[in-house]
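Listed after this line are the structures, all set down as structure tokens.
What follows is a pair of complexes built around subunit A, which joins subunit B in one and subunit C in the other.
Up next is the complex of A and B:
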């Protein structure tokens, strides 16, 4: 099967947990790309998020270790209190350097490094949130000719994050969560 | 964005003109740190190169910028709990316990550990070493002085975690035993009796020989190796292995693993890597 894209990267903050859960519960179990998630999370609450996301997901969700290779069909969640990067050799790397946009993990860091590695073979999705994190990363993906989707602000719990992105770049599509699910599932059908 | 070759050329020059070698640091990370230096100092790659060749103080600043200094008091509370559950039986019979915090930054992990050792009654039996590449961090570690507000929250979070899951019966720590709190100065200072225990030394883990004669029962090296490439990581696993007693413990960061040959030389016990007794494999 020929696939135009090699990875999906999703950023989200306030309100994004339920959207991500929905996407992963409706995504085809044979989804052929790796899905990399960078969600803002509470610093002192380490456990819980991974377990809750896994509960309904059709794909296995894991928190990657440093230098892990990226495998299609798996969902990778940026671990609490680390930045998650895609290395130049296509593996993951982690960092505890200073927070970016008051966030660690920072969505910009994950998105920008993914854009640099995957270039036009990347789908970047930015969901609901109350922060400007992710806007710059989405612009980097667009600049490398990747496919960019911003969640329709009208469907967001908090629309600051998508709006900040829309101010900085023009995405390939603005979509509701249902449309995002439909779009991802038709990629491989 | 500076190209990939430009940052590699810079690392070569840095190696040539200074004692520092970052050529085996993880590409993405080192590239990003150098871009940040260019931006923060508002200089070009060429200017960075010139300053590196001529200005020793500037080189120290570059090293400070490149190396990451994140550390916290009782970072990852639940890790400390499970570490001591596993460690305790291994160290309780020992007369001397040698501990090395490799890449200790400003020393917060060293003092956190000393507080637990004190609570568990080990303080008179420990020899503790902390090393870091960054001279400024070593100076701060020796002073044991930190910002009050942020760290107070850390201490509270740790006590909360202890209440939920005590460490060998310890369900709360009275931190006034270990720190002087000064609100007007927004500082928290480690008390003298604790501060005089550890020996802090500036040491480049990558380049320099290990500066200790003794072997170790416990080595902490948390969130340091993530900045190195896989081959450099392997070298350091060997180095730690050589420097440990059989049965000794190595603690890495939460999301760091071990790969390659040395993986077979350690067994995993909870978050700890335990050095195998290699007696049978000697050749």
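Up next is the complex of A and C:
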């Protein structure tokens, strides 16, 4: 099957847990792309989030180790207190470098590095959240001709993050969570 | 516009930097090196590659560059669970005459001080002998000063609580000219050795190697070399602690056993028992 895209990267903060859970519970179990999640999370709580997301997900969700390969059909969650990057060879690399936008993991770091590696073969999605992290990363994806989706601010618990992105770039689509699910599922069919 | 490189330019530059600094910069992961050079360029107002290369003739500049590729830790007792395991390990070693520890690459010193505080609290401080490798003199000076960022104190106190420390973290901290600093008396069991990653090796084999969140910044192939160098310096039965999202490269099962997969603690096989 020919696929136009090679990966999906999703960023989110306040309110995004329920949106991500919903997306992963409705996504086709045969979804053919890797899904890379960078969600703001408590940096000293290493367990709990992964298990909670896995409960309802149709795809296996894992926290990658440094230098792990990226496998289609798997969901990768940025570990707490580490930045998650896509390395130039297409593997993951983790980092304890300084927080960006007061965040580690930083959504900008994950999105920008994915944009650099996947270029126009990337779908970037920015969900609800309370700060500006992710806006620059989305712009980087758009600059590399990737497909960008910003959650409709009207459907967000906290709309700061999508609004900051919309101020910085024009996404390919502004969508509600249901529309995002529909869009992702039609990719695989 | 600060420094920005293509992958090819970065490869060539990393070779030059490795030769000039005698640090394995050419073995660093490329995206990491690119980020650090970008930040360094911004800080120093460097706009062209040539400025960077010319600057290396100046020793102070060179040291600053080396410091910039070493990532600070910034919190004491990061990953409390690891430190609780090390505390228990210290207790099992307490009947030894000496407890030898090697930290191949210190950065901002929090991991070193955390270890020293644990040694104090387990009563093995007097037996401790720590070799701490550092890449740049600036790093060593920073560690010796032991300055703690006041904005990080809440995190430090929280981590110490999670570690279940015996005393109060404040017992190890003093105030000087409005700054908080870790007590310098803690450093009496530390010998600093210049050398990056595994260049500053200890004089004899050690009981524990603390190498947390350093391999992250090096290429996967280089991990094998690092593993072998650490293996040479570790006593049979000794422990190797990596960062919680790092892994020892395969194959390692002939030399090491992972005894805690969550905290990434490896035990070097005792050849006699094998």
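Definition applied: the second predicted complex is superposed on the first by the 189 of 189 C-alpha atoms of A that agree within 3 Å, B and C clash if a C-alpha of one lies under 4 Å from a C-alpha of the other, contacts with A are read in each partner's own complex, and residues count from 1 in each chain.
The rule is simple: a contact is a pair of C-beta atoms (placed from the backbone, for glycine too) under 8 Å apart; a residue touches a chain by one contact, two chains touch by 3 or more.
Computed from a predicted model, the values in this text were never measured in an experiment.
Taken together in the superposed arrangement on subunit A, subunit B and subunit C clash. Looking at the shared chain after the overlay, A:4 reaches neither subunit B nor subunit C. In the superposition on chain A, A:94 makes contact with both subunit B and subunit C. By the document's definition of touching, neither partner reaches A:167: not subunit B, not subunit C. By the document's definition of touching, both partners, subunit B and subunit C, reach A:67. Judged by the touch definition given at the top, the superposed model places A:189 against neither subunit B nor subunit C. Within subunit A, the residues touched by subunit B in the first complex and by subunit C in the second are 44, 46, 63-67, 79, 81-82, 85, 87-88, 93-98, 113. Residue ranges on subunit A touching subunit B, taken from their complex, read 44, 46-47, 63-68, 79, 81-82, 85-89, 93-98, 113. Within the complex formed with subunit A, the residues of subunit B that make contact are 4, 26-29, 31, 33, 68, 70, 76-78, 157, 223, 225-227, 230, 233, 253-257, 259. For subunit A in complex with subunit C, the touching residues are 44, 46, 63-67, 79, 81-82, 85, 87-88, 91, 93-98, 113, 116.
Chain contact summary for the complex, subunit C toward subunit A: residues 7, 29-32, 35, 71-74, 78-79, 155, 158-159, 162, 213, 215-217, 220, 223, 243-247.
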